[in-house]
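Can you keep this structure in mind? I'll have questions shortly.
Should a chain be cited, it is by its letter among A, B and C, assigned in written order, with residues numbered from 1 in that chain.
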Amino acid sequence: MLKGRDIVSISDLSIEEIERIFEVARKMVPVARGEMKNENLRGHILANLFFEPSTRTRLSFETAMLRLGGSILDFSNPSATSIAKGETLADTVRMVDSYSDVIVIRHPYEGAARLAAEFAENPVINAGDGAGQHPTQTLLDMFTMVEEVGRINGLNIALIGDLKYGRTAHSLAIALDRMGAKIHLVSPPTLTMPTHILRRMNQKPAVHEKLEDIVDLADVFYVTRIQKERFPDPTEYIRVAGSYKITGKVVEKMKDSAIIMHPLPRVDEISPEVDNMPQARYFKQAFYGIPIRMALLSLVLGVE
Amino acid sequence: MLKGRDIVSISDLSIEEIERIFEVARKMVPVARGEMKNENLRGHILANLFFEPSTRTRLSFETAMLRLGGSILDFSNPSATSIAKGETLADTVRMVDSYSDVIVIRHPYEGAARLAAEFAENPVINAGDGAGQHPTQTLLDMFTMVEEVGRINGLNIALIGDLKYGRTAHSLAIALDRMGAKIHLVSPPTLTMPTHILRRMNQKPAVHEKLEDIVDLADVFYVTRIQKERFPDPTEYIRVAGSYKITGKVVEKMKDSAIIMHPLPRVDEISPEVDNMPQARYFKQAFYGIPIRMALLSLVLGVE
Amino acid sequence: MLKGRDIVSISDLSIEEIERIFEVARKMVPVARGEMKNENLRGHILANLFFEPSTRTRLSFETAMLRLGGSILDFSNPSATSIAKGETLADTVRMVDSYSDVIVIRHPYEGAARLAAEFAENPVINAGDGAGQHPTQTLLDMFTMVEEVGRINGLNIALIGDLKYGRTAHSLAIALDRMGAKIHLVSPPTLTMPTHILRRMNQKPAVHEKLEDIVDLADVFYVTRIQKERFPDPTEYIRVAGSYKITGKVVEKMKDSAIIMHPLPRVDEISPEVDNMPQARYFKQAFYGIPIRMALLSLVLGVE
């Protein structure tokens, strides 16, 4: 049902389509682990068109393609390229489109992925466009909850940290709300979720200032980074960031069945001692990015 | 007939060999489009040895190799390498030669590709060496004319823009003249074709200063970029560049059967409104770079 | 016997294991040359995790993997990545580990490869960590001697040049001594082999200041680069470096059966006229890096 489709925004996908992606991703897990072979995408070329660096995302698409026998065309250093000569995005996309079967685009400006999709004949997958969307991140986050907790509907999900500037939290809040989750927003008063995001949610989320408020309630703790640059005063930053830090002591107050997620890379938000506690799922979450992208590539290329 | 051969200059190829390359390229078109599979080059390694960036050329060789099941070794950032430690070109070529089956070299200095070919045992393909040759560009340009107009012999072909510094126009003029085309040179007086190129042509080309002179006559309009840096006075640049610009109005005066080509990337030389007019073939021309390079790689590796 | 093993230091390998690696490498030679096909590693992914550039090493691992039908994930520009955001080595390794089947790591700090091996579930191969080890270089150097001279035990092997700072010479001296070679150290007085390396050798090596002392005695001349930066006075550098230079005249004094090696890239240490003399084996030595790495990858991935 997704053959030939562009994946620009998570909102472009129906709940039925999201569930289909998860179903295919589930079958891809042993292939992603290298335990089972699958060469469905052999002979197909994925072009990585990255106008800003994002190694983690780029490599996870590469791994997904390689695990299915496909090939990669790497267009990830635009400063040294035609762009520097003044070529338009449309012309660059047309070139890359005629060299490949599917384009994965990352761009600093919101709307760039949608524009690329208009000029490319082949499917375009948005790997993040500025303050806009990053739909494969949202899909892998939701897939992690489904696989590790069992469902999304009815869960108490805490989004923690910088909810103002963090793109990840915005799309995720809207998508989880649509899937029937109860959202809890936990952030400093200066970094709360913007109104234009809140307005797009069906259920009004609960708002908390302290992690303690929901520590024994939440099923999912989705931690995001608070950037130092957001605070004029470094002492203030240390105080605020520290109050949202997930330490071993915080984890001990959580439910046994709760899970901790993080889009990674993390810096100080989660202490290393948490890594070996049963609630830690952020490395597994990162791994789930592979089967999700394998599923998506298979489906848009019509070879699932 | 081309097995094991170095492709350094278009002049190294006989007309018979060029026609053989076109014949193979024609069969490669559906494979290049991803519509048909062909794994002739599986197990073969192409080394991209790029001493200056040229994303479009590098990626089109990569696509050509990948579409035939081959692999890529990317040596395209020499500043961060042995070169920086003072290694000679000969030693670098010997290393890359022992790691791969065919070398594609791009170098800022004329003659570098010939030198590389001397030190490598495997075939070397020149992907542009300074003011020197770029034979695969010339081949794809000629292939575009043959496929899109039907022949080269007897055509009126206008080379437009910077004919003084533009390497592309130099090799192309000589090659097209040899294939029996009638060449028209259209450039500002300060950017005319150098005498050493004219001397190598059998037929004296017609020289024009204005695009209007040949707008209803030419079968092929080959447009090249006029670089701002060539003009001491920016106002003069705008006036001159503007007078060679291909707009919708200019295209309306062309023959219906005429085609417009450009080596890309374009900046301002062709208006976007031309993109959807039937004469526009520059994106198709860029695509033809893939089957031409597939044909060349197959032939020099002897697995066609 | 090496399945699943990390290869961090040459000292981790028993003599029996080294001989097994050589045996497999010997069978890989025609595959490395592209004369025979072998797709043993098809479906496997090697991640190149290079925290500092080393094109020669990176490309030789890539070639080794590609020649066996495997794929490459290139993580070789860490400045533009998660590292820049403050991610720890452990977290980066965990990510790359979940994306691939084997990690090749290059790092400026000694001990980094050992640390990576602790955090990765898949095998880790050290491709050089600061002043530490570079075991695949040591293996290919020894393999060259075995293939080109016939044995290591009992050979007179001269290590020439900068023996103080040159990491290559350190590991090699210890490994060759263990294999029963007689080591001769030839260096300027300011660049002699450090005591902590000498202490780890069973047999006391002979120490020479002049190349002449051993020119008609040595079976192997292992030449390393003397870096200009080591000398406060440029004139002194020229005088010293010149006195260790291998010229045609020097080679004429060598035994016919002697071989000349160099880890490459070379600058001035060996004159170009030596390249075609029968003793020159440095290009062959560079080539042997491919079958050695093919053997190692096959063995640690358990698919030999």
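Criterion: a residue touches a chain if its C-beta (ideal position, glycine included) is under 8 Å from a C-beta of that chain, and two chains touch if they have at least 3 such contacts.
Predicted model, so just to flag it, every value in this text is computed and none were measured.
Chain A maps onto chain B through a rotation of 120 degrees [Cα fit, steps of 5, range 0 to 180]. Of all residue numbers used where chain B meets chain C, under half belong to both copies. The two sides are thus made of different residues. Separating the centre of chain B from that of chain C, both taken as means of CA atoms, is a distance of 40 Å. In chain B, the positions touching at least two other chains are 74.
Put simply, chain B touches chain C in their complex at residues 43-45, 71, 73-75, 77, 80-82, 85-87, 90-92, 94-96, 98-101. Only residues 34, 37, 39, 53, 55-56, 59-60, 62-63, 66-67, 69, 74, 264-267, 272, 283, 286-287, 290 of chain B touch chain A when the two sit together in their complex.
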